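Below is one structure, written out as structure tokens; the observations come after it.
For clarity, chains are labelled A, B, C and D in written order, and residue numbers in each chain start from 1.
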Amino acid sequence: MINKTVQNAEEAIKDIEDGMTLMLGGFGLCGIPENTINALVKKGVKELTCISNNAGVDDFGIGLMLQQRQVKKMIASYVGENAEFERQLLSGELEVELIPQGTLATRCMASGYGMPAIFTPAGVGTEVAEGKETRNFNGKEYLMEMAFESDFAIVKAWKGDTAGNLVYRATARNFNPVMAMAGKITIAEVEELVEPGELDPDQIHTPGIYIHRIFQGKNYEKRIEQRTVRQK
Amino acid sequence: MINKTVQNAEEAIKDIEDGMTLMLGGFGLCGIPENTINALVKKGVKELTCISNNAGVDDFGIGLMLQQRQVKKMIASYVGENAEFERQLLSGELEVELIPQGTLATRCMASGYGMPAIFTPAGVGTEVAEGKETRNFNGKEYLMEMAFESDFAIVKAWKGDTAGNLVYRATARNFNPVMAMAGKITIAEVEELVEPGELDPDQIHTPGIYIHRIFQGKNYEKRIEQRTVRQK
Amino acid sequence: MLDKNGIAKRIAKELKNGYYVNLGIGIPTLVANYIPKGLEVVLQSENGLLGMGPFPFDGEEDADLINAGKQTITTLPGSAIFDSAMSFGMIRSQKVDLTILGAMEVSENGDIANWKIPGKMVKGMGGAMDLVASAKNIIVAMQHVNKAGESKLLPECTLPLTGVRCIKKVVTELAVLDVLPEGGFRLLERAPGVTTEYIRSVTAGKLIIEGEIPEMQLD
Amino acid sequence: MLDKNGIAKRIAKELKNGYYVNLGIGIPTLVANYIPKGLEVVLQSENGLLGMGPFPFDGEEDADLINAGKQTITTLPGSAIFDSAMSFGMIRSQKVDLTILGAMEVSENGDIANWKIPGKMVKGMGGAMDLVASAKNIIVAMQHVNKAGESKLLPECTLPLTGVRCIKKVVTELAVLDVLPEGGFRLLERAPGVTTEYIRSVTAGKLIIEGEIPEMQLD
């Protein structure tokens, strides 16, 4: 098998440059590529366009990149829970494009599936439809939305093998598989990196063909945004 | 969980009627719904339109339905290996529509993903493109192909639970997951039917929401079309 | 007049056996607490889960297992997990039987506004636009009037739309109303102790009252 | 002049380390036997497998594990299995680096015909149209002339097309030829013992011969 292993996040992002477009997996703080985000903050690469469902919180996730003013434009479906984000947005430092969550996911998948555009009813009749082609199929209106590609897609999986095959855990899966397919270069960080043959071929969520670089991350914090419990 | 269990193939197909459109999973003879096909043959329902990648062989799979003259139209990507098929086709008894394999798979998936149409370059400049809308994206031509829906989709999985969650084994997966999403009613037959909770939620290939009826099949023959081996 | 739990309780009576249901954030989430005994209902969370279970016991939270409101949750026997594309795939293909969500405004032709207030920080539509554009059956759970005392059931929405002609039913602290295909809110039920006159006074959109309007039965 | 294995052997020299490769039925399948030592190449089978291994040992066949030619095969450590939609997804998105397939005809502008002969039973295109329309690099493995002795390298295809302007290279029992973007077959190599004159005599399409044409090196 082709070995996709790199040593660490620093090596994985060595050619990420100012002005690039990055996709980052995760939903809220769940399933985000913590190690790679930290490395991007350390590297200080700037003027980035980030495509991610959310923008983290002030002191975690993409919020850390916002604090360092590394993000020029954020493409997301929901950006609450982030005061610095709001400040930069209101001051005009940060550009934001909001996209329906399903449209975001499907535009990524379209890229991985080699489909230049998809049709979705989401946003028909709203400001999301402005400037977009609409089309009627079987009496229902749809928007044509274009596939999303990024210079780098950065995803986080639970386990991966050196051939790049990935397995996600619980709802930390979310956007990671669809973004993994949409990077010109895709970086995967995993909690546990194993040898080829240790993952069951039937149980792989993202086949290694979509992954260009993989490394085992460390010190995962896995912060919980809304700890909600019941009492025994 | 919602219980989708039916007793057997006969009960699963009780409302399949003459003239309906059926999707049948499988690639060659691999991963085909043997029990349900046998029940359809026994029931003798006729004038069917069958959508399946292949048409079986003379005495197995969809070939059994062809022998009984139950199929009016076959929609497939490859129909070799079947003398009776060829006879009916040449005599005009059987109508055939040939579709590129990837287009077939993606049109099924489009249905399950609520996308009325998809774009693919497959068939551009060939007779497959006749009468179809073409569109240029980024300098490349694509055909617009419509989502496929069927009255019934019939799939075969390795394991399933009573909530309809399915797990496939090896390349017997093939078209089964995409067709499972494209039936107005989807019937799943499985080698082993288990209780909810016995399948790992992370490892389910087809979530139960797509499945309407499930039963444990019996006496799987699993015939091999091209037994190819090497010597020790 | 109902409290939030009352609204949730009333909406729970709309559930049918075998339904797959998507619950929005806020009052809709509370509906899960009132699913009638004996009904098998499966909750879909659009971040990628079918079969959402209750919140975990204290100390048993799993950071990898959250709902679309980012709350820690649990799975149930028979749950399935999938990616965001498949999640919205099953929403778009109408495999989800019922969507329940909150709203800022609903118009008498079924338009909904619930994501943006001009001049205020816009947080985004999340999955709401996908849900309202695709669902075959949508119930809105909301207060009948806003904090300024103005009706949220309007002839036309004044806020930017989330979706058009999609809302089928509205349940508020005062009433249950159908949104008619030809336009108009048809009053179906009054909350205990609330008069039709009062409902009329706080409903700005076309209100249709035919015959005697019964009080809600909550239990 | 090469036999089928010779053609496969020559094509195998086109493989590069780290390539994902889809092999068609016939001569292309044989290429797997000649992957140069030390190269990591992963074979994709469009029925849903990455990392196709050798045929199973006698008695170890698994009916659930076949390739696109419906032959029993094996997996390798690091293999991954997926459904048909994802399989053609990765083909369409050009994640597969090289496609090798057979042909009935190839034209000097890179069109290919390999699925249908009018008047004969048509078995179908299978995955061929998807592969030729999407692959970034396609090599055709075929005999230089058909059974009637007619050239299969033509100015224009006479049979119904499988794909247009897509073939980059052709390897036959006689020669290795590039298909130029501006049209024409550029002769790159001769099979051992075959003259350029002979190749010219069996190539109906525009043949470009520049300078000395070397003999193939097969080992």
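Here is the rule we go by: contacts are C-beta pairs under 8 Å (C-beta built on N, C-alpha and C of every residue); 3 or more make two chains touch, one makes a residue touch a chain.
It should be emphasised that the depicted structure is a prediction, and the values quoted were computed from it without experimental measurement.
Centre-to-centre spacing of subunit C and subunit D amounts to 56 Å, using the average Cα coordinate of each chain. In whole angstrom, the spacing between the mean C-alpha positions of subunit B and subunit C is 36. Subunit A and subunit B have Cα centroids separated by 33 Å.
Looking at subunit A, one finds that residues 106, 113-115, 120-121, 169-170, 173, 201-202 touch two or more other chains.
Multi-chain contact residues, meaning those touching two or more other chains, occur in subunit C at positions 49, 75, 81-82, 85, 88-89, 91-92, 134. Taken as a contact graph, the chains fit none of the simple arrangements: neither line, ring, star nor complete graph. Across the whole structure, chains are in contact as follows: A-B, A-C, A-D, B-C, B-D. Remark: subunit B residues 1-3, 111-115, 161-163, 165, 181, 195-197, 201-202, 204, 207-210 touch subunit C in the complex.
Touching subunit A in their complex are the following residues of subunit D: 17-18, 20, 40, 42, 44, 49-51, 75-82, 85-86, 88-96, 134.
Against subunit C, the residues of subunit A that register as touching in their complex are 27-31, 53, 76-80, 86, 89-90, 98, 100-106, 108-109, 120-128, 158, 169-178, 205, 222-232.
The residues of subunit C lying in touch with subunit A in their complex are 45-49, 54-73, 75, 81-85, 87-89, 91-92, 111, 121-130, 133-134, 160-165. Contacts from subunit A toward subunit B in the complex involve residues 106, 113-121, 137-138, 140, 142, 167-170, 173, 201-203.
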